[in-house]
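Labels run A, B, C, D and E following the written order; every chain starts at residue 1.
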Amino acid sequence: MTETPAAIELRQVSKRFGERKPGLLDRLGLARPPAVTRAVDHVDLHVAEGEVVGLVGESGCGKSTLGRLAAGLLAPSDGEVLVGGRRMADMDARQRHAARMRVQMIFQDPYASLNPRMRVDEIVGEAARIHGLVDAAGFDDYVCAQMRRAGLDPALRHRYPHQFSGGQRQRIGIARALAVQPQVLVCDEAVAALDVSIQAQILNLFMDLRQALGLTYLFISHDLGVVEHLSDRVVVMYLGRVIETAPVEELFGRPNHPYTQALLAEVPRMGARHKTYSAIQGEIPSPLHPPPGCHFHPRCPHAMPRCKVEAPQLKGIAIRHLSACHLNDGS
Amino acid sequence: MTGWLLRRLAQAAVVVVLMTIIVFAGLHAIGNPVDILIGQDVDQVERARIIAELGLDQPLWRQYLAFVNGALHGNLGTSFVYNVPAVTLILQRLPATLELAIAALLIAVAVGVPLGLFAGLFPEHPLSKLLMAGSIVGFSLPTFWVGLMLIMAFSVGLGWLPASGRGETVQLLGAQWSWPTLDGLRHLLLPAINLSLFKTSLVMRLTRANVREVMPMEFVKFARAKGLSPMRVVLVHVLRNTLIPLVTVLGLELGSTIAFAVVTESIFAWPGAGKLILDSINALDRPVIVAYLVVVVCLFVTLNLIVDILYKVLDPRVRLEGAA
Amino acid sequence: MNTVALKHESPWRRNAGEFFASKTAVLGLGVAVLLIAAALLAPWITPQNPYDLNQLDVMDARLAPGALNGEGTFHYWLGSDGQGRDLYSGILYGLRISLLVGVGSALIAGVLGTLLGLLAAYAGGKTDALIMRVVDLLLSFPSILVAMMILAYLGKGVGNVVLTLVLLEWAYYARTARGQALVERRREYVEAARCLDIPGWRIMLRHILPNCLPPLIVIGTLQIARAITLEATLSFLGLGVPVTEPSLGLLIANGYQYMLSGEYWISFYPGIALLVTIVAINLVGDRLRDVLNPRTRRQ
Amino acid sequence: QTLSIGFADPLSSLDPQLNNHAGDRSVDLHFWDLLVENKANRLQPGLAESWKNLDPRTWEFKLRKDVKWHDGKPFTADDVIFSYQRARNVPGSVATFAGYLRTVESVTAKDPHTLVIKTNIPNPDLPLNLASVHIVSKHVGEKAATDDYNAGRAVIGTGPYKFVSYTPGDRVVMTRNDAYWDGKPYWEKVNYRYINNAAARTAALLAGDVDVIDKVSVSDLARLKQSSNITVFPYDGLRVMLLQPSFNPAQSPYLTDNAGNPLPKNPLLDQRVRQALSIAINRKAITDRILQDTATEANQWMPKGTYGYNPEIKNIAFDAAQAKKLLADAGFPEGFKLTMHVPNDRYPQGPETAQAVAQFWTRIGVKTQVEVVPWSVYSGRANKNEYAMSMLAWGNGTGEASYALVNVLATVDKAKGLGASNWGHYSNPAVDKALAESTAEFDTARREAILRASAKVVSDDAGIIPLFHYRNVWAAKKGLKVTPMTSDRTAAMMVTRDGK
Amino acid sequence: MTIVPTLQVRNLQTHFHTRAGVLRAVDGVSFTLARGRILGLVGESGSGKSVTGFSIMGLVDPPGRVVGGEVLFQGRDLTKLPPREMRALQGSRIAMIFQDPMMTLNPVLRVDTQMIEAVRAHERVSHAQARERARDTLGLMGIPSPDERLLAYPHQLSGGMRQRVAIAIAMLHRPDLIIADEPTTALDVTIQAQILSEVQKLARQQGTALIWITHDLSVVAGLADEVAVMYAGRIVEHGPVDAVLDAPLHPYTTGLIGSLPSNNRRGQRLRQIPGMTPNLLDLPAGCAFAARCPRAGESCAQQPGLTEPRPQRLVRCFYPMEAA
């Protein structure tokens, strides 16, 4: 199904939280079995070079976890992560370092993601400096260049983060990531904390950088409007599983999975005035105790008996359009 | 819960074992109890007999093993000085220290919390500033100094309260307690105040800091937005959240108060365990020291358990599993 | 310090600005500086070296404030103690020792405790459990016993008192540092640093440590005060510094026995000096806490 | 008619034969009697009406016939026999009384009220020795262990007071024994309270918590004297404050030249140096300024008027110039450095005294450092002769000179139990010889002459440096009178109402 | 006869007296809101939306203070009301919902405690009755098994659930005015829809007036009847929602609408407002938006007044956009 080489690829990756090695107490049956969260459950993800992939889904469905797995910040419980076509697990220390540099992350909270006690030039240049991308003499120029590229005035490089506005801080975060010359940016809710006018500026910056540097993006957001605007392809997650993926027009034009449909229906739009909102039915299940079968069945208007027992597989339903729903089998 | 409890107990056991080893080695370094204990004019034969009787002729590791063996059979040794089982001795004295420590803590809470609350709610009020400055005094005056001042003022000067000792006691749950009698309370008051001084300052400052931390929280504003009376906002919403860190600190403080009431006990001639341990250290009465520390550690463990459970009661967010 | 940096408002400068906005804190700082200066200059501004037995005379013991000394060369403005030591001189010299003991032990304990606390937070697992159990162990030990053991191993002296205090105190720092580091470790900026493949030790020291400092500084000022009073208590129990070179605490402890007899000045003036010192340090510490605590400050 | 006493010395047990500790013995005085009593430094009849030597190794004691135990049973010689057996062998005893019975070979009863004691060597001091061992009852004691005494069950004595209660670490309460053989005791009820801290004792007296306190702190004396409702009772005591120079020939870190390097030879081995140190001390200044008249200057180890005191020994004159000269003669014109050790928690005003001494020595060029250590550390180290100069407050409990001779001045001989407190390891053949002679001498006058001579020898040799004799100070509410009884013990029997 | 509008705000001014100077967070805000109407209050971060809400509620904390203007609630001026009477209105007639559902409920109190106290703060009813009321209101919010939820602690509920509890508390007394301060920003679209449906029902069925504070114009589009745009403490444009969104008059409103991704072509650069949010401590003398405004001219050095170029349309600009 893939033609272009993958910048990052996840194969049957799972991440479980709260697992622990069974200790003496467990063996004696004294300890309570650990509560395991299956944050990411057998996910395949392929991000081609130069592609922008949007990742959507409701809160707690495992988007951030997936992003961290892709950025190498978390090790998968199962499955494998490939960067530049090679498995992380097979790499030696140097290659792994290079791979980690290739994939950088932009964080949601522009306040928490900058160390309040470091100056901007240190924040931006530290990694480049200690990884030998630049020497002491060239440091200042290098930092200035990175800042300029992220749309910041280099004259401010000796300031501390608290002296900047939210939008500027987000730019510092971007400059920091760019300073190690990555090829892939994982943006986890990178604009969620910003208000509309600033959000527009940052989104524009992302698009400019994509053009200038040929960057690849994994763009995580729950704002469908933003994802629609930016992405080439969209992946929809529900409770740790990918339930649908398709090129952006295809997905927004012809959503296949009932969950995707519900999601799109609720997106507030400028055009929809004096709407009458309706309550959703069913409860949002907890990732600690996901329902059996298709995770969405308690909320699904089309649920069938089969949905309660058998988890549907992702299946191609159109060109580059995959969906995991039993309804597709029937037709 | 069971697992957590077992883990805690196992850890405590390790701590106890470690501590006994350290105490054995440490006391060995300080001096030979023989030199202090055995009368100066005791002849060589007698001396050897006594040393052998106390088991001090054995190499240290053997003495330790003998102790461990005894401990496993529930016997922590017999005091060199008093010739009484060390545990008996400690349990005789501990109630006095316990009631002193608890009284001190109660005073600290009864005085410190309201004052701290006031200082936290009205940080700019002159009285608050005075309280804060005053609390530093509570921190910085040495206990022994304050103790004597209290005696001078309230016993010698005004003659209101007795200067020393424990008053009338009542037998309760197999121990002597002085709080059920008026005379007992009168004797308890001064030393308890003395011991509580530091703690009162601590509680006051802690309460103030916590109140100042909780006050700007959104939920306090929300409580006010519900139209609740300021009284209820403070007493239910603010105080409840303030208490949680306080409980942790106080739990630890009670432990250290029990362990370190030495100075107060010595000034007020309070027949507690602190005085006993000080005397025992001076006499290198190892069985008492070791037994005392074992008891104190057990007390600490119990207290920590209680604190954790209280914590859980006060703060539903804490899960015991996570606390281990 | 970089000059360019100073032109912009660094956190340091901003904190300094906010610090100086409080009159009490400035007063505290002023008094603290004055006391430190007086202590440092003691040999030049006192009539007597109270540590030189040659200059003391028992015949002058327990003279009331204002009395003339035996040779008629100077007045005991604050009286003399049981050895004929001029209390004014004794206080300034004693302050030196007390500050040395207090600040010295707080500093050493601070560095040691912080590093061990960070190590515990960073390494986690067994190392963490080990360090924290040692902390528990230490906190449950009666200080006197610890002091006596050290005394037995190493003999007496200022150095050993400092060592004792360090041993008694580092646990507080370790506990705080670990707690704070565990909180900080979850912050996004740490994740960002990890993403940039910055080595763990560097994240700990360069990124996390500076953000753990505010509570540690507060503990530090408290611990300085604690160390000074603890030293006084150790002196009271006869475990402090050498008697011929008394600290403030020892002066108080020695004078304590004269409290009932009316020769109040022997422990009263050193007591006041101790009180003023600790209050000054605490005023500074209090303000530092307020200034450094991001929660009591908006934007 | 209740009397409350605040006493200073810790109490280890109510078992009168467990430990020979000061506190224990004070309490024991109330419940138990002795065969022979040593009151006001004279031997007086106790449970024994009279005694005599049948031969140098055989003694006969006539016992009182009118004595009853607290439970009403009569007192007989069997009780004494049992007591002396038990005293030698109390389980868990550390400061045992066995030493007093060391020379006793056998104890037999000729009849219920005649006791015969045989000794293994001639021992003129036997009655004195027996004045320290309390007599317990056989019928109770046979079945009793230390625990039973602590619980009060076995406290069935012949003494003036009966047991009521005992709270360890706090107090002993007793009530009058109306049937006491030596007359009805004065106080109906006695509350005997342990208040270890000197200031606390004073405060307790001032606050009216107690009626009498012992071991009044020097510094509180002035205040108590001023107080209108308190009377102070200072009495000359038997305790002497000594400095013991070390005679250890090895190098010591505590004896260095002025640059701080250890001296090759111990300067204290030189009599002139010791002499210099002794005369450099202004003893009057110390008793005046430090002890505030709670002590008298000492020139030998026995106080004036006691058995063995040598009136020919002149007061040691304070003479710094002469001291300097002696030092120069000994080869130390510039002096040297010395570290003196003192226990902090043992001797009243010990550290203060040491500092004052250090001042005097520093003035003659012996730069002296005082190190104060707790008794637990001090006793072991001093005992091993590790210190260059140690301080000892020796209580001449027996009231005569040979006690110190045996323990403080005789050449150290562990096997024979000699020199147990001779921390400096002083050794003088003349002293040892005198001791040996005196031990076998039954004639008191000749014996005293020997003791006096040895005092002179030690004094000339400056083998120890005596400083002062402590006074024992009690304080009581106005209207009460305290008369000392035995040594510095404190007991309710010592307290009467004024004018009675 | 005239119907008294639920809320009339006239020239409201709320200032913060900070160390760096006086911060005019709300500077002359006026608007009127009739029964059952929903007003969307939009503007960028820091423009004073929340402070406006708090000023109406009487919940501005020091160093902030309402320094001028009036807030007429059903004809009564709230700014002049004594605290006691104000408390009687808070939570019963006027209620507020806060932004962050995680922070608005007291973490250590159970849901029932927090709801029942809100009921009993305003009505003399028994505990049981109050509980019943709480349960019914939770049910109204679409919360399944409300009896169980009442016994839960906030941390046991999901974000959406908590926000619904907070809203239920606001609605307990069927208030006449609800101020909702970005209550759905932190929530998913599906849950947001749920909450929007609840408030909408309330406005339609109970006649409750609603102020919906947000910076998301698309939410306002679907929900509100009218919209007010704030910039730097002032309302710069006010009018019916259709009119304002379709034909904005103020250049700032235009920019705001233009920067929404849905109003741009996919994959193209977004239209953005140049420059940065102004510093409220250091505002220019004239129009605060002038520095970022493509249409700014000379007059903008002066403070523009609020004009009504068209019926029901208010705008604060010298050069308003022409309606197409």
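Here, a residue touches a chain if its C-beta (ideal position, glycine included) is under 8 Å from a C-beta of that chain, and two chains touch if they have at least 3 such contacts.
Worth saying up front: this structure is predicted, and the values here are computed from it rather than measured.
The chain with its Cα centre farthest from the Cα centre of subunit A is D. Across the assembly, the mean Cα position most removed from that of subunit E is the one of D. With centres defined as mean CA coordinates, subunit D is found 44 Å away from subunit C. Look at where the CA atoms of subunit A average out and do the same for subunit D: the two points lie 86 Å apart. Centre to centre, using the average C-alpha position, subunit A and subunit C are separated by 50 Å.
Measuring from the averaged C-alpha position of subunit B to that of subunit C gives a distance of 24 Å. In subunit B, the residues touching two or more other chains are 30-31, 148, 152, 156, 216, 281. Residues of subunit E in contact with at least two other chains: none. In subunit C, the residues touching two or more other chains are 148, 151-152, 256, 259-260. The touching residues of subunit A, when paired with subunit C in their complex, are 68, 71-73, 97, 100-101, 104-105, 107-109, 112-119, 126-127, 130-131, 158-160, 162-163, 173, 176-177, 180.
Listed in rising order, the residues of subunit C touching subunit D in the complex are 53-54, 56-59, 61-62, 82-84, 148, 151-152, 155-156, 238-239, 242-244, 256-263. By the touch rule above, subunit D contacts subunit C in their complex via residues 198-199, 202-203, 206, 217-223, 282, 285-286, 289-290, 344-345, 351-352, 354-356, 358-359, 362-363, 367-374, 376-377.
If you check the complex, the residues on subunit B that touch subunit C are 11, 14-15, 18-19, 22-23, 26-27, 29-31, 129, 132-133, 136-137, 139-145, 148-149, 152, 156, 209, 212-213, 216, 252, 255-256, 259-260, 262-263, 277-278, 281, 289, 293, 296-297, 300. Subunit E meets subunit A in the complex at residues 44-45, 142, 144, 158-160, 187-194, 196-198, 200, 215-219, 221-223, 225, 241-242, 245, 255-257, 259-264, 266-267, 269-273, 276-277.
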